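Both complexes shown next keep chain A, but they swap its partner, so chain B is in the first and chain C is in the second.
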Partner chain A sequence: MYNKQRERVFMLMILPAFIGFIVLFIAPTAMSFFYSLTNWSVYNPDIKFVGLDNYKMLFEDVKTVSAIKTTLQYAILITIFQNIIAILLAVYLNKKMVAVNFVKSLVFLPAVLSILVVGFLFQYIMTSADYGLLNNIIQFFGGDPVNWLGDSKIAIYSVLVTQVWQWAGWSMVIYIANLKSIDTALYEAAEIDGAGKIRTFFSVTLPLLYPAVSFNLLMSLIGGMKVFDVIFSMTKGGPGYATETIMTTLIREGFNSGRNAYASALAVVFFIAVFILSRIVITFLNKWERKLS
Partner chain B sequence: MSKKGLLGKISYIVGLVFISFVMFLPIYYLVITTFKSPEEAAASPLGLPASLDFSNYMKALDAMNYLQAMKNNIIITSVSVILLVFFASMAAYVIARSTKKIYHIMFAIFLIGLIIPFQIAIVPLYQIISGMNLMNTHLGVILVSVFCINLPLTIFLLRGFIHTVPIELEEAAYMDGCGTFRCFWLIIFPLLKPIIATVVILNTLAIWNDFLTPLLFLQSPDKAVLLQEVYKNVGPFSTNWTSFFPMLVMSTLPLVVFYIIMQKRVIEGVVAGSVKG
Partner chain C sequence: MKKKTVTLFLSVLILLATILAGCGSDTSNGADKEKENGNDVVTLRMMGYNPESTRATYLKYLDEKLPNVEIEFEFVALDNFNNVLNSQLQAGEGPDLIEVGGEAKLLAKANYLLDLTDEEFTSKYVESGLKPYMVDGKVYASPLQSWFEGIFYNKAIFKENNVEVPKTWDEFIEISKQLTKNGVKPQIMGAQSWEPMMKQSIGLVNNEFYSDEANRNFDEKFNAGEAKLAEEWLPYVEEWARVIDEGIITEDMLGLSYDQALDQFATGKAAMWESGPWAVETILEKNPDIELGMFPIPGKTEGDGWLIGGPGSALAINAKSQHIEEALKVLELTATEEAQKVLVADNAGSSFLEGVEVDLGEIYTDSEAAFKAGNVYAPWTAVWTSGNPIVEAYGKSLQEVLAGVKTIENALKEADSVNDNLRKTLN
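Entry: the complex of A and B
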């Protein structure tokens, strides 16, 4: 009897969160799947079932295919660079010194700024206009100015660099916390065995960083797939459509062009891409974990 | 000290200076430019400003409707964070303490939100929010921030922590005739302080800096948040960047101050949020 009353209260405690989640997440997600199979758009109020037409259209659209490719490339590259730099920083800065603590706080600082603001700032730094700071510095040292954001071959990498600058500190603090948990006796043992610094890193440090690596890889991968704000503020998808991503295309088609069904199909493709990529990374991580134990 | 040790120490410090330089230069450039005229900024982009001239800030305050936008940001972020803590802590408590199957199914459904990015839902979500007559209201943005975007991770983190709280405490309270609901808020909730701090920090950063949700759901200028005001002004000020930079500074200043004061907590929060995510 006592427990029955408790169970009833339990239900009341969880229901508000659960109902909110169903209405505002599960239902619209399911609707995206459904709408992707229809011809719904603002110009076409009677919704008809059209099978996989939207998907066919999507993969025949050069711009959209290019946006998907750019997004995948961006996500994979940012995962690699952000984590390599974060691990190097973590190993370098894992010391107890006042100066080091200050540098650590500084490296983390950009992570509290909004992505949009960082994007605008770097748009001015990288601009090819006369006042572009980066080109001024390059010219000061005798180099030739580079069209960082206007050259379709390098624009996406320019964007990528700003995001590595902004987020490396976030991954770094997670790696440092993990490093602190490693037993120092292991390093002593490695030293006695005559292992050099690099050898020690690959055979002691890196394997024991497994938990932080697995978390950070997935986070930067999924974050990279969602890239939107920084494109919006730095390149607006240009030059041409060289830096269009899945999210910028989805917002344009779904909200500016009113092609709701098309945008829904793209959303589903987005989900599948995120799902497959994270599966691949998880499989790779599991293999690595098995090799370690 | 041996010669090699000294050399190593010096090269280590050079490395530290290099890292600081790369991290700090863009921020330094941003801040000093706000005190310059366009001519001065073009002539010496990295030099210290001739005088501490706040007129750019005065212009920016006006152009971006600062106080109103700041108020909107504070309302959206604080109400969202309070609602998140309120709903998620109760839900997480039930999931952690009940052995009934139904709650495990609910938990599994919440976890879907950790795997599927919410962006997949935004087109239909727009319909749902307009259907509820919440378009262009702060409540609409708050509900989306809470239930669509940030709830799953918050529940996940809270549940993990509640598992480490000894159950004997509550059992003793139940014996004394304390009701479940009251018992949760009076006895359990105060014990969750460390994880609540984590959840508050992570969600504050995420919601304050979120641009997409307000962009989609708030249209009228009096409802706009700081980032929308920045975005609105980038066009008109594109040739006058010394007047635009103060907007970048002012829109991020609150969180930077928050970070400087609570630095240790913020970093601890980020680390705690990464535990088995």
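Entry: the complex of A and C
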């Protein structure tokens, strides 16, 4: 009896936050579901129900479809590269070495910077202008200059590289924290059993890194899906539509063109895509976890 | 038990306070200020997408001439402007005076703007200045000074290489080749932005297409979806594309931003660069010794050439403003020769007020003939209903043309399809 009443008070305590969550997140999300079925626009005085027209237009628009593809490609690639590099760094820097803490903070440092700052900086480093730093270095070693951000085939990868550089250190810190919790006795046992370094990594380290892996995979996947600021500062979606993502398309259609309902439809598609993708990853991770135990 | 009731009561109270704080509105702010000041000073909110520095002299002038009006200037960068403005307007609020550009017609159609047709000052402006802000014969804004873009050139480089300001498009291609031969980059372009190629190509369309009386009503038909860019503009844009075919504008410029292109031009690494008066200050800052000139985009046959431009922006009054009378006074004062000169002082451009002539200065001598002939036009701000998204699609497609993955015809078709889509969605 006492417990139930206490719980009720606790429930009331979280109520303000919960109401905030409903007003600021649940309600707007539900509203965009609703708006995506109308012709809503700031420039339309009266709203009409138009069914699935917006969705039809969305999937008929080559630009939007290619933006969705680019986003998926970007999200998957950044998840893979960022985590592989982070795990390698974490395992390597988890040893006792001279200046290891210094190196760790050096690798982590880019994550402290604002994405926009990094974006504008790399825009200058990768520019095709005569003073472009990266091209100057390549030319110094006798190579040909590359149009890093202006070539529609390369641009998205140039952006990707800067983001892997910026966020690998972040993931590394989480992996290191996880590595610290692994019992050293397991490594001793592996050594006695005659396991080599690679075998130890795959049989002891990686399985026990499970919590960090699942967290990091999900974070970078969702982060990759909603990529916007770095694209905005480095390529503005260009050249042409080569680096347009779901978010840049959403902003362009919703705010610049005033097609709010269309943008709402895209937001719904985005929501579903993130939902499905993270479900797939979680299912995969759960299977892995069951195999371990 | 009592304690629990108190806890419960308190949490409900906190909850209510949080909710109420969110609902509170700040309607009382403006009224309070007036009373404190003693006299009837009315505060007008003016929201603009051109920074305060481009309006500084004008705002100071208004301050002096209208002692009982205090103008609170709010700068919102264009990237965010429509977003911020529209959400305020939708809530039935928003600034009293609004700087409007390409979206003016849409805002007027949605009944957000005050009808200015019968105001005396409206009749003082020439029609070309009012046209972009007219819907069904009614005027919804007062034009400020014009904006224009031409081709800046480095006079010293031209002299050294013995080339003259081109009078025809062929000559333009010719001198570009000549400069290339002499080891000088003829034209630099910040093609990472979709704007410069879009504008320069429309410059040629101005020369060849809009100069012809017969095509005067093309834009209206385009708005109605009865005319297509891909059918009408194609030969002229293809003519422009010679700058791509001849290697004057190159693929590597897709990796160059506006600022980087400006930098290259200002430091003498390229002979020409397309932009407008707003860039002059930065160019001179980077290189005070540069000998700067601007010529209009030449056409196939010799003529005065055309600039891209038009009424840069205009001031409209929020139809739901609490201070319509005072806002009208501001517009009335703006429609005087004195005020127009004050406007041009911070940002070069011509005035749309009848009988006002502005001396633009030495840099623009080569463009004088084009100005005199009235050869300044930008269809997307002048007449097109949703101009900005259409030229954005067109410009982005031209980037793909430069990258070699699209044809000019497809680029124009892309712009047409955006026009169709927007007409369907916004009507």
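Just so we're on the same page, the second predicted complex is superposed on the first by the 276 of 293 C-alpha atoms of A that agree within 3 Å, B and C clash if a C-alpha of one lies under 4 Å from a C-alpha of the other, contacts with A are read in each partner's own complex, and residues count from 1 in each chain.
Keep in mind that, in the parts below, a contact is a pair of C-beta atoms (placed from the backbone, for glycine too) under 8 Å apart; a residue touches a chain by one contact, two chains touch by 3 or more.
Since the structure is predicted, the reported quantities are computational estimates derived from the model, not experimental observations.
**Q** Would you mind checking which one, chain B or chain C, touches more residues on chain A?
**A** B
**Q** Name the contact category of A:P16: first (chain B only), second (chain C only), both, or neither.
**A** both
**Q** If we overlay the two complexes on their shared chain A, which of chain B and chain C does A:N39 touch? Say first, second, both or neither.
**A** second
**Q** Is A:V117 contacted by the first partner chain B, the second partner chain C, both or neither?
**A** first
**Q** Where does A:G143 make contact in the superposed view: on chain B (first), on chain C (second), on both, or on neither?
**A** After superposition on chain A, A:G143 lies in contact with neither partner.
**Q** When the two structures are overlaid on chain A, which partner does A:F255 contact: first (chain B), second (chain C), both, or neither?
**A** both
**Q** Go through the superposed model and pick first if A:I174 touches only chain B, second if only chain C, both, or neither.
**A** Only chain B; A:I174 stays clear of chain C.
**Q** When the two structures are overlaid on chain A, which partner does A:K236 contact: first (chain B), second (chain C), both, or neither?
**A** second
**Q** Is A:D130 touching the first partner chain B, the second partner chain C, both, or neither of them?
**A** Both: A:D130 reaches chain B and chain C.
**Q** Once the two structures are superposed, pull the chain A residues common to the chain B and chain C interfaces.
**A** 5, 9, 12-13, 16, 20, 23, 124, 130, 255
**Q** Mind pulling up the chain C residues that touch chain A in the complex?
**A** Going through chain C, the ones touching chain A are 4, 7-8, 11-12, 14-15, 18-19, 22, 80, 82-83, 86, 89-90, 103, 106-107, 109-111, 191-194, 251-257, 260, 263-264, 269, 386, 388-389, 392, 396-397, 399-400, 402-403, 405-406, 421-422, 425-427.
**Q** Contact residues on chain B for chain A in the complex?
**A** The touching residues are 13, 15-16, 19-20, 22-24, 26-27, 29-30, 41-42, 45-46, 87-88, 90-91, 93-95, 97-98, 100, 103, 106, 109-110, 112-113, 115-128, 143-144, 146-148, 151-152, 155, 174, 179-181, 184, 205, 208-209, 211-212, 216, 227, 230-231, 234, 241, 244-245, 248, 251-252, 255-256, 258-259, 263, 266-267, 270-271, 274, 276-277.
**Q** Contact residues on chain A for chain C in the complex?
**A** The contact residues of chain A facing chain C are 5, 9, 12-13, 15-16, 19-20, 23, 39, 41-45, 57, 61, 123-124, 126-130, 132, 145, 147-152, 235-242, 252, 255-259, 261-262.
**Q** Give every residue of chain A touching chain B within the complex, in rising order.
**A** For chain A paired with chain B, touching residues are 2, 5-7, 9-14, 16-18, 20-29, 31-32, 35, 89, 92-93, 99-100, 102-103, 105-117, 120-122, 124-125, 130-131, 133, 136, 165, 169-170, 173-174, 177, 211-212, 215-216, 218-219, 222, 225-226, 228-229, 232-233, 247, 250-251, 254-255, 260, 263-264, 267-268, 270-271, 274-275, 278.
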